[in-house]
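All chains are identified by letter, namely A, B, C, D, E and F, in their written order; residue positions are counted from 1 within each chain.
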């Protein structure tokens, strides 16, 4: 489902409202390789029976352009409905203010401890300031950690890098939230990094994978809300998502920005591949 | 003064938050031709004594990214202050939600009937809908006309074109608001068109010139919030502003969007020239 | 209907295969202003009852990527079907090899003399050469004039300019085909130019308006198959289409090229407006 | 001949060193329409016998990248040689520091009064300052007017606009140099404007047409050294060059900048058309 | 030799017809470092005597724009001629339909088993479908494997990734064709990967290296016919080509697309370096 | 301090004159995360007390656009002044002709052996040729090595790649200058590579880190003076600068070119991060 809304991107480049449309366009390039309900994965050298209902497009969430509260509420509702219907929701942002309502939707619909694997260049741990308020693209993780059954112990931030607020460092230290920087991820390689991540969230009953596209380097994902060099490669990100997919109950891909993307929609294509990998490898489709 | 805010651009491309910065950069190209406080105008073949206080940059209005109400209030306050200080304020948007608070600031600070010359491809007469609410880039003119001393009879819309809502047609008919389409403007030529415009606002005690950059064709102003072909040329717009300047008490240039501008900032440069022409020809500087 | 095919663009920039998709996207921006089946035209200051079937999207023609013959046949068939169904077909190319099959479809479905109003920077009168063969974007008008009831006397080429083959000059002279150059069109203005055009085709029983987007200057329509400076403005083109629409039985808009368009789809937006004007003003919808 | 040198562009965007290569590429698109040594002009509806030596490429002038003096000397020498060989030289800049050495080459090779028709947004009348020195893209006209037989009375500046230095106004007044602004040119139309221009230079024995591409509006010529909105259209410029060509002994096209051009080389294509029109209509080729 | 033809790119972005021109331009940047017939390689810290005939440009193959059969035949002929003349042909596509005629030319001119090292994101094993027919950019490897002395056992596909048709998986399994995915290549590193590749083709008497530029990630090669994230880096590709060069008899670089390349021709520059490395390190030039 | 000058970029793309402005703009994105004079580094998981004088902007060097000698002299003077004032100067080019005057300024102000760590794709060891003269972006290292106390033994070139002049190879061999290619750097990883670098310069009393942005791959740093594929990633470069910072007395970042950068200033952002890492990790600010 799409959330064509960027009213929470009070910092950086707005424009992620156009992401759902572009990513759906890009998906058509990928799904044309499905033949009789099956697709061949080169990385695993296996054919997956994906059927014709692998990706069921629920359309866009009921966005209210001028009202971030109403929009995020609609988002939580849609996520919870999808989960209650037995589906694994994939949310296409929109800016990263979407992180919180998706976490809240998961939290609402599913029992037990909910973990969050948060790929992002940034911490998104802002509590509040005058310019951005309490709810924005910079506060998603902070708000999520205020939910009852989402504890820092079940969460990890991945691909974060460079500099952030000392107050966020303080919050991290107190709450026990940990991270793997992009450089550490690259030194480990995706396989070991995913092991560490899964180890960290092993106590959670359900896991939400939140993927801010700026986790990936601007060379590979120029169409983002901000540029933070030193990020993951597209190959590393795709491999990580493939390995994480079987362990996750929901995916959000956020901050894809067609207004800053290049003229061949490189970033929308990458986002489409991320979510398609998630769908194929998370679906448990029989291989042959 | 700048209003780096695009929280009212719920339709179309956001990004006008970056306009004040880019337009200030572009102004440096123009002002380098001031020599000993004077500048030579080729169109009028005359030298203008502009001094060194022609453009006094008041910095940016106190924008609150997540709060459109607070932002627009700050905008009105700054406009009113500037006018009370005896200056002719030039406001650099930001999206066209800025139209209303500038009109309100003028209305607050100056007595008598206030006219609005509204250059725009669009009518901006939306009353309210669920998606955009009552205050957005689409409602500026509607809100302005609700102020006591701003009457449709003293207002005119220029360069509007193509199609709009039947309900806006209805409002126009009832209120008596009139327009000159872009094609009509071009058929008349800037000199006659300006005569018609000035005639229309002749009953007003004070006039606010509101210039949404999309009044100009996307060929000349690609960096806008939406593309409406069939607009004015840059030359027509500059000539019109030059001729209108002596009759106006405030200028707003809105919807310049660096995110959709080309890589040589064509639109920011044009906007800078628009406001510089307004300043030089509105200043009444002695010619020699 | 769309013809996402550019296999006939053997010269210049290919890429018009993507035009139908982009132009449909751009149409959404325009049609959002329809309210209760009506829309307000600023140029005519009138409200048009367009209903909810003004534009009925027949989807894409059955394009066979590697087979230009099969593709153009499918195109003729779809055009003829649409006309026989009492509709006024609007065809979105695709490259200008589409000109011929549309003319052929009109010729097939409608009796009597068929005229062609051909807006183009180029003559498209190539008979044959080794590189392009007999059927390409450069031969559409030549092939059309070989049809029984399409005579040069009922045809006119508009906005052509610069240089062309002496052999095409020879063909023009012999066949009696005439033209209005872009500069002549601009000197006349759209109203007089349209009068001349309608006068020229007055003997035809049916008229096909073929609009190669390069009739318009690259400043206004950068996304084309080739750049020919000195073309029409977008405003002139829109006004001409508005005035011609009531007199035409079919429209093709060709050579829009998203691969060479700018990053805000200026050209696709313009093409969408061209066809929307054609639909509204050709529909004979009652005005109020 | 090309002058791939931009060492004189100390203000604005450098990059015109790449213009000769791109303009030659663009010329191939145009010359493919020559058939058996003849070409058909649509504007004049006549066939021109241009032979196969219409444009003889003398290659690039001997540019010395780090030495503007040596480069401009080489330029003058080449121009003079070409003229002495009975040719009409066409010089492709390079930045507009090239104006002066071309004028000097003409002055050297041809007797009598030499007039300069200077299309430019700018005056290029700078005498000297610390940053740009005495020889740069801003001084070409000033230096040219220091040559013995080039008098202001035989020169005119066309398409100049906006603002310039009061000291240049002073120089203009004293020397008697006159101008037609871009707006005046547009009000007159190319035919009348050219009449005024030819009238002005009627006392000269030889005329050099110097065309800084920024005479044309950035909408039509984005690839320039600076953006000055309010310029000529491409159609106006082409018509003017066509009408002026028979009266001129040399042409320079300068300030075309591939680094700021769009990705379809709109400006290089326009420049190629300008010089091709000059060659065809200046050549006196018999028409048939 | 160049093959400026993209009539086989029925899927994805066309435009590779412009690649030969752009890659030749880019080569000039590289070859300026040849001094007295020698060049210094930093990677090997050695000077190579390359003479002045290292790259002999045979011009473009006799492309027939509207006829893919004639074009590919001309391509095979040129390749075979070059090989019979004792040269190592380097072919610059054009789209990847060129793979097959080059393989056929090698097969024609050289005796014994012919191996193909196929760098590509895609398998290009399509047999036939209605849209693309039997000959297109998607069928090159399938058609090549139908030649007598080209056996799957002597072939390997490198940098393939993501998803493909189950029917292609079936064909691969039956024929025994193998692959190294981009991720495997990156895990191995270029040195080990090249060892595996050479091991695979060790039974072949002659080897053709076919390099579809989309083997490289879109971050490094944006100007391609389609975007497949997760590809090789430019550094990995260059190192692989350097190591493979001494073992290969022909090189084709295909699918470079100037229409989708960025405005600094990043991809054309990379392609030029790929073929220059191939030429220098495959030439066996004495080192000093 | 900035050096907005590209008069030494006689080869490749000019435009680095705009780098100081853009990099200062980009720095604002980074420094907004400073809170009460402290900033949190994710890579080191530590908070740094940077105070409010970490980066003191000395403005631009006194550039004389038309006079490279005067400009480079001013640059040396400013560097020396800064060092004598006890600061660690950070110079933002401008083209890489700036390398030499910075080295000279360091040499002037500081006693003992001066080492240069030169990150660059190129050697910049040109002695002299007709086109570029003795002083240009290609000669910086050669000129620096002519200074008394700068010996090749204390210098190393990093990230160089591909091909260069045999005469430069000869100079390197004779002088004993060594290099680490980009591929070697990547095989070693930044940690080991930095160890080798520091080992090489261990005999120097002072070290100048000169960073030509083309050391980084064009995928990560498209806005450069030339494109050399196969370069470092942004992550590798940032890590290297972080590790080298405590050992260096001056930094120059050169060849950042806004005219070839993408429309989101990817390269200026990366350059800003490079120098901010240098400042934070070189400042020896107490960590907490």
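Definition applied: a residue touches a chain if its C-beta (ideal position, glycine included) is under 8 Å from a C-beta of that chain, and two chains touch if they have at least 3 such contacts.
Computed from a prediction, not measured in an experiment: that's the story for all the values here.
Q: Give the chain pair, either C-D or A-B, that is connected by more C-beta contacts.
A: Result of the comparison of A-B and C-D: C-D.
Q: So which of B-C, B-D or A-B is the twin of D-F, meaning more than half of its contact pairs are the same residue numbers?
A: A-B
Q: Roughly how far is subunit C from subunit F, centre to centre by C-alpha average, rounded to an integer in Å?
A: Computed from C-alpha means, the inter-chain centre distance equals 56 Å.
Q: Roughly how many whole angstrom separate the Cα centroids of subunit A and subunit F?
A: Inter-chain centre distance comes to 37 Å.
Q: Nearest whole angstrom, what separates the Cα centre of subunit D from the Cα centre of subunit E?
A: Here the centre of subunit E sits 44 Å away from the centre of subunit D.
Q: I'd like the Å distance between the centres of subunit C and subunit E, where a centre is the mean of that chain's Cα atoms.
A: The mean C-alpha positions of subunit C and subunit E differ by 40 Å.
Q: Quick one: which residues in subunit F touch 2 or more of the other chains?
A: Residues 13, 217, 219, 260, 262-263 of subunit F each touch two or more of the other chains.
Q: Given the complex with subunit E, which residues does subunit F contribute to the contact?
A: The touching residues are 13, 123, 160-169, 179, 181-183, 186-187, 217-219, 222, 226-227, 229-231, 260, 262.
Q: Which residues of subunit B touch subunit D once you look at their complex with the stated criterion?
A: Residues of subunit B touching subunit D: 29-30, 33, 35-36, 38-43, 45, 47, 189, 217, 219-220, 233-235, 238-239, 262-266, 269-270, 273, 276, 280.
Q: Would you tell me which residues of subunit D are touching subunit F in their complex?
A: For this pair, the touching residues of subunit D are 6-7, 10-11, 13-15, 17, 63-68, 130-133, 135-136, 259-260.
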